[in-house]
């Protein structure tokens, strides 16, 4: 009968893959295994159903705290990542010119040897700093591994941010709360959710927690139905499910938050207890030298009355007051934001303003509020062994100038690389590693980046897929997919409580001749020998993970309690993850990682940082603020306030502001090679396999554009041709373009399809935060003949 | 009574096509055969690759094949119906049309259901409709009625040809192998005439309800479905009227063509066509009446789903086709049939009506699919080369069948015209 | 008493993510159609997703529904099939018999919900995808009609297991692929004949409605209306 036969291994190859014909039953062998999805940063636990060794269906792990047995459509389409016919099947070496995609097969030993020899030579010539690593979607200890490698090897040039699309939010949190992480919404308890452009139901952090949470918000608590208010220029899916949609002028969310704060403060509706116990800089204060400083209260009351804010945001005064009233009354209430707020030239200050709202109602680190994802109690590794070459290399300044003017608080600035590398300043780059990143697709002005690549003599890609950037590589050492490796995973963020998941290979060996990058890295260190090899005392990733996780077993806490570690490890593999019982409410807010130990309305981290910068650069603070293109002066610069967002392009030439967004199927940006996701319809327009722009129907009419017409969209740096769709939810002065298409490689279903809005984006930055503003581009639209 | 020889000589013109085959025959038959053959290849292509080679999809799951099906079955009506009704009412003017009408019926009935064969997902299993019949389905009623009608029409045509076949058997000794068995030993005895008379009388009466039932059940394939603007009580009489309308036009067109090609002016006189034209006028008015009633009812009291379809026909996507249809089916024929029932006039009128009625079938079927009841689902449709090939192929096949028929049998019923003449001028 | 399978979709929970759409296709071996076929409307979505946008800026509204086969109690599709290739089985599921279907497609045109799909071409998968197919679900050939059948293969498996253990099915034991994956738990599935089951309860909710109810099809898929937030 079904599933009972053990003949799986003995069946001939054709029958293994055949489907039964009408009325036929083929005996098969079925088994279930666990893993963790990697289609987005949520990191949902996977139950993988395999038939005759081959995975056929993905479900969620029932108790996994992130997804509780469920999967989003990206997760369900995951097998199309494993079975992608265009996957790279073995190591490749470039034969012809770069970009021509002429490859020859080489063995793993040869490939690893090539890399090792190159790196060795660099070290011998004391040029170890000329190794540049661009990393993207790191999970679990992989980031630590790569960082460790860079440290032991001797290069400061590790650009490994896995949150490039939302850096503004992180920086806002940094200045107010001292964290570089996203916060999680406690859906089980929240009553009122004020969302500033957060794509909660389509592309947020974490999507799965928010999808599940939405169900809880509405119907999960008997008698309670929370309110969701979406503030956004565009009528997104989240806006359509919200109880109220507030259209707003793009880039002015910070002003709205301050207007709401003004009312709450004026009416004294704030959480007095939280403000007095856990915040700093609310009232005016005097510092140790006796200078008096502006407090948030004074600033908000003086400059951001609903009337003043109304003219900035375009939202009527009564609505702002209504929002303020509801937000402060129906607690627990939470304010959240998305990339639309963060990724502007005023992103940091806008995020600080929104953080302030949460502080005002005291919803940080409490039931129904915002939670900080707890880390699992992993083993901290011993510091890497650094020899003199490493120390020398590490002492060089970073190639991207992160941490220095004009990006004083940035940890990485990938967008500046074209400029620096092309000029060879302050030094050239010899070798580039590409891990889980595709800059030629995801970074604007990709042509510039292409010329950068030309200046780098040796490029190695670890990508399992032939994406745009990999076509420019000299050597490809293909990684396995997330079904074919040993990797731990912790959500960034998840539901809050301490947890991690474990990926283990589903198949006996990977589908093709690929190796997981962690193991390849360890091999390289062995080849390099010396202090580098000493820093990596492990045989492979399994050993790395076992060592890091052993201490979790020893802690005798959480969902797995066993007698010995081997049993713990076995249970971990079968169950897919480990999680601790409950979230420790209130622990974090007792001590924020800020100079005052409190939530800082007045950001001392920023103030100290700029003061230090002023000392180091011998420029006075006012000049620095000017260089960072900040208009505020004095204390105001350290408080949440509204800066006008900068746009590039004159309005008369480029009448529309370009807003690009992500929806469910394209949220991660890697889904274009999965036909199930390509065929999923954009909910509001029922578009599939396509790109389009959204234009306001009346505007389109005045321009003579009909629904479905072919149009050109042009900005100062590029132009693209695509389909125009009339959508009533479009802001009259904006053009909205979905992200995800426009690949020039990456498989048969992705290549040559649609447009990439990155091709239109101009480069302007939030210099304080040190990231590219995604929404500073003005465009014009005209019909294509 | 004249003997066969004499009759043969008298009706030399009618028999002439069977004696010689000129270049005109080949010039017509070969292109027609080529088009027909092309459609066979197109069908083979579609059989191999699936119905995806047509333009159909979701939600337009029935399209040109069903349009052709209804169209051809529609044409088939007038044949036996006109023939039978005119005989029963002893309207002698219809006699010369009889043979052609019955032939139109048979060939149209052969062409119509072939479309269903084209339209099936698994054409080779078409006979399962009989084997695993479910009588709750209107398609089974279709199948039954059409089979019956086809059988009865073939018998009708054949029986009415027997005396002529007897004539031909004597006249063409070289073709005895064909005509002899078919003539059933007809010699023109009293007994035989009386038997023939009885048979004809029975068949005439039998054919009428069967014919009416056929297009009624064809209409019910649509009229009993839930699609907006299909679910309508008026479909049955509307379709029957439309069928007879297009059928009469087809007969006029066919006979005018035959008259021209085979020089049958003596037998098909303007007086005959005048009466045919009057009959056609009646049906023009009936058709217009039903169309108006249908659309007014929907427009006045229809629901949201029905209105979506209605307005797509009147002012929307299908407005052009709809109003062309109205022009072709009413605006042009009506004044012609009232004022100018001449041969050229009737020719124009029939061509317009035939094309118009094909468009009418199209606008009945497709717009409802494009705007189904669930208002969120919308579609589009454009026929592909396969469907056009089948349409023209069948039309070519139909014409080809006629051309070949005219080479084997007289297109005017000799014995009836003779009988008619004798009865009106007794000597 | 026999089971009577029904489904309830809570639109207040539904987030329009379409996980159900993808999960259903993966479970039931429904291949993707590709761009060209999609343009002709031939993509098969046993669980479909329909949406409608109304209004003008800034008063815009969007409604959407996941829509599987309604499994009507009085199905308009079964009575029009000339070869009886579709029928309502004793547990209320409108089953499609692929070997019997000859592709007449009257069932497709008579379904007012337009949730039946036809194989216009032979279903194809890239070779590499063929390993990832579910052996519990028949392969359909070109020229036959198919549609959602409430994951009848899962029902069959569950019943077989229950029979082995000599008991009846428990509420929540049978879960179709769509219900299992829905992130916001919007889809519930179970036995409508069991008064204590979740679907039984929810189908009697004041928020419950069914699509095109006035047609008399008596569907067994219920929707729960979205709720509203009140300021007291």
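Should a chain be cited, it is by its letter among A, B and C, assigned in written order, with residues numbered from 1 in that chain.
Following the convention adopted for this analysis, contacts are C-beta pairs under 8 Å (C-beta built on N, C-alpha and C of every residue); 3 or more make two chains touch, one makes a residue touch a chain.
All of these numbers come straight from a predicted model, not from anything done at the bench.
**Student:** Which neighbours does chain B have in common with chain C?
**Tutor:** In this structure, no chain contacts chain C and also chain B.
**Student:** For this structure, which two chains have more C-beta pairs in contact than any other pair?
**Tutor:** Counting C-beta pairs in contact for each chain pair, the top pair is A-C.
**Student:** What chain lies closest to the overall centre, CA atoms only?
**Tutor:** C
**Student:** Based only on mean CA positions, could you tell me how far chain B sits from chain C in angstrom?
**Tutor:** Chain centroid spacing, chain B to chain C, equals 43 Å.
**Student:** Measuring centre to centre with CA averages, how many angstrom lie between chain A and chain C?
**Tutor:** 35
**Student:** What whole-number Å value describes the gap between the mean CA coordinates of chain A and chain B?
**Tutor:** Roughly 68 Å separates the two chain centres.
**Student:** Residues of chain C touching 2+ other chains?
**Tutor:** In chain C, the residues touching two or more other chains are 43, 51.
**Student:** Could you check chain B for residues that touch two or more other chains and list them?
**Tutor:** Correct list: empty.
**Student:** Which residues of chain A touch chain C in their complex?
**Tutor:** 1-2, 16-17, 19-23, 26, 28, 51, 54-60, 67, 69-73, 75-77, 79-80, 82-85, 201-202, 208, 211-212, 214-216, 218-220, 225-227, 235, 237, 240-241, 243, 245, 247, 326, 664-665, 675-681, 683-686, 688-690, 696-698, 727-732, 753
**Student:** Going by the contact rule set out above, which residues of chain C touch chain B in the complex?
**Tutor:** Its residues touching chain B are 37, 40-43, 50-52, 65, 67, 76, 79-84, 100-106, 108-114, 117-122, 142-145, 211-212, 215.
**Student:** Can you list the residues on chain C that touch chain A in the complex?
**Tutor:** For this pair, the touching residues of chain C are 10, 12-13, 15-19, 21-23, 25-27, 29, 32-35, 38, 43, 49, 51, 53-58, 60-62, 64, 98-99, 126-139, 157, 160, 177, 180-186, 227-229, 231.
**Student:** In their complex, what parts of chain B are in touch with chain C?
**Tutor:** 49-52, 54-62, 119-122, 125-126, 128-129, 131-134, 136-140, 143, 221, 224-227, 369, 372-377, 379-380
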